[in-house]
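Chain lettering (A, B and C) follows the sequence in which the chains are written, and residue indices restart at 1 in each chain.
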Amino acid sequence: MVCLTELQQKFGSQIVESHFRDNRRIDVPASTLLPLLTSLKTDYGFSMLVDLTAVDWLEYDGATDRFSVIYLLLNMDSGERLAVRVPVNLPEAVLPSVYGLWRGADWMEREVWDMFGISFSGHPDLRRILMPEEFDAFPLRKDYPLKGRGERHNFPVITRSGS
Amino acid sequence: MAVGLPENIFITKLDAAANWARSNSLWPMPFATACCGIELMATAASRHDLARFGAEVMRFSPRQCDLLIVAGRVVMKMLPVLQRIWLQMPEPKWCISMGACACSGGVFDTYAVVQGIDRFIPVDMYVPGCPPRPEQLLQAVMDMQAKVRRTGTVMGREFAIRDMPAGPAPFDSDERYRIEDTRLVQLGGFSAAATSAGRGATQG
Amino acid sequence: MTDGRVPAGVSDGLLVWPLSMPLTPVDTLETASAEREYVWTLNFGPQHPATHTTLRLVLTLDGEKVLNAVPYIGYLHSGFEKLGEHLDFNQYVTIVDRMNYLSPLANEIAWHHTVEKLLGIELTPRCKYLRTILAELMRMHDHLLNLGTTALDLGGFTAFLYFFQQREHIYDIVELASGQRFHTSYTRVGGVLFDVNTDWINRVRKFIREFPKVYDEVDRLLTKNRIFVDRTKGIGYLSREEVINFSAVGPVARASGVERDLRRDEPYLAYADLDFDVICSRGGDCYARYLVRMQELLESLKIIEQAVENIPGGPVNIGVESDMVLPSKPSVYRSIEGLIQHFEVIMPNRGYDVPREQIYAATESPNGELGFYIVGNAETRAYRARTRPPSLIHFSMFPHMIRNHQLSDVVAVLGSINIIAAELDR
């Protein structure tokens, strides 16, 4: 088990812990994210990044930040799970990339960039992954409508005589 | 018959002979993108065995095929590929739209999914279902054969009659109304050019 | 035969081989030859039979050798996660079905597993056993198609036909339970759509009896088949450290010696009561992944057999007093209380209490750890429904696995990691 006070001594007291059912989460500010994750990997044995995702809090009552990025970690030896949540705000939605720690973060970070527009500094190849390159919105943001803005129909029509 | 014919010769219309040959040698090009592709596989596999109906020669090269089976949803990134494959197929060619997603977008009324391939390419046969059972696809292939026999001509005149894709215009009135809703335009990101470019020069 | 290795026959002097080229160490060759003129680029997909669905690879080739592979995905991105924010917990089942379409029920079980954890629901014992049986049937369903198409891509058509016949039997079983053959939408919050009857149990028993015969036949066809072994052994190797660093789980990780199976390590449903082994291999190559999947078929059969024989009686849904499950149809049609309760659950402005919390929970799907991250917002639909897709993680390893292999190995590696495009792109 990772001891919270130990982490607070190392990375400042802004680290907050919470529980829900069997999930254990710690909230950290963006400034200490990378040293904290590095330490979790090397010192505490969280060798696997299970998932990396984000949430847009735009329509959530009482939310203070625009986005959260969530790192779900797993200790392969003890089976312990830990979620690390970090708030991100516009217009400077940038976080350090964890590609150097876990190579599995490569596509996950690209997906978060594609869907939410949160960029990761230090990522070797941060391009759109799911949407076409020329797409200019971030679909999973709450201010993007479910049915899109007409991009899905913006194609030429092929007729019989034209083919 | 008044005129005596030698043995092994019979008289027919050229159209009928060509249709008979074409309908019994449909070569499907399976454009399988999603779940329907698995049912398409099931149709060709052990239990349902599409070979019984003379359309089992699946070729994955569009140049060799005359029946395009679009199985599964087609999304923004995939539609140009589909159009290109349709253009690469030699005439005469037909298209079966398999499953709710290919016909109309199905349950996926979202930003990325094309709401029916018949908005962009000509479709001859629709197969409903999500996904359709293999029996339905078998029936569709048989219906397709019947349609070729019934309506086909050697010169392909039947294609000229229905030139435009049968589906709604890409930016039909509902879609346009929704997009031009002031709230959406205010949020930015959408350009008015996109609406007019959709129909393009083919506006009939 | 891969480049960089001395071809057979050189040592015994029977074959004259231009020794200057292939003996260059592979690592130095890679960077140097990328600039050479004869290196060419091949586009593979997005419409190609061996991709099964819609993947695209841009391969850099030196002759037949793959120097680099760049995957492009998103050719089936249909906005699943956005839809999850607009449909309620029961409606979204129809969408998760279509995610990994080789094993639709496994997705449903994973989704409702997470939802029920968010809501704090404890299932009835019968439901747990029923879902376990279905989850294992789906594992077999997935592995059967994967093994069959892998063999098909490598030139063995027979195994595909044999295994597809067994899949049709599973389709029949699932259809008997849910009324739908493919996308069943069978699970509900707190239970399933209908209970199963004795006929269904007998049908499963019949399947358990008949499956091993076909399994043996395919085992004889493939496992020691010279061509199949040659094309899969030593291909697409992954070490244990690489697998962990790339976040992979499931059969792909177990074939590289990672002993992790959520069914055993974080038991859910009825797995804690059942006896089964976690299949692992140290091989790490395509052949090891094939062997792991083949063995898992038998383990799944073992689990199904135990669960079917020990399935408890009692209700399959949790009690209606929880206000979260739909009442039975007779009570809806014949009593006013049932009707009111039905509307309370169905109407979008009524619903039940959902905590304003976030949760991650995962199940062991046929392809690996399939998890959902749900944010609840005091309404019966998710505020955010993130899927952790095993296929995305497996495919991100692909460039690493295929480097310095032959072009024909692309198909073997793609088959062995079982990419489902709808789950990959969502």
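The rule we apply is simple: a residue touches a chain if its C-beta (ideal position, glycine included) is under 8 Å from a C-beta of that chain, and two chains touch if they have at least 3 such contacts.
If you're wondering where the values come from, they're calculated on a predicted model, not measured in any experiment.
If each chain is drawn as a node and touching chains are joined, the picture has every node linked to every other. Among the chains, the centre nearest to the mean of all shown protein C-alpha atoms is found for C. Remark: chain A and chain C have CA centroids separated by 24 Å (rounded to whole angstrom).
Computed centre separation for the pair chain B/chain C is 30 angstrom, with centres defined by C-alpha atoms. Between chain A and chain B the centroid-to-centroid distance comes to 40 Å (mean Cα coordinates, whole Å). Residue positions of chain B touching 2 or more other chains: 75-77, 110-113.
With touch defined as above, residues shared between interfaces to two or more other chains in chain A number as follows: 131-132, 139, 146.
The residues of chain C that reach two or more other chains are 74, 77, 79, 82-83, listed in rising order. Every residue of chain A that touches chain B in the complex is listed here, in rising order: 131-132, 135-137, 139, 143-163.
By the touch criterion stated above, chain B contacts chain C in their complex at residues 31-35, 37-39, 41-42, 45-47, 60, 72-73, 75-78, 81, 85, 107-108, 110-113, 130-131, 133.
On chain B, the positions that touch chain A within their shared complex are 75-77, 79-80, 83, 86-87, 109-115, 119-122, 159-160, 162-165, 170-171, 175, 178-179, 184, 187, 189-190, 194-195, 197-200, 202. Against chain C, in their complex, chain A makes its touches with residues 20-21, 23, 25, 47-51, 53, 55-56, 59-61, 70, 72, 76, 79, 81, 83, 102-108, 111, 115, 128-132, 139-140, 146. Of all residues in chain C, those touching chain A in their complex are 73-74, 77, 79, 81-83, 85-86, 117-118, 120, 244-248, 258, 260, 265-266, 355, 357-360, 362, 369, 371, 373, 375, 377, 383-384, 386, 388, 392-393, 395-396, 425-426.
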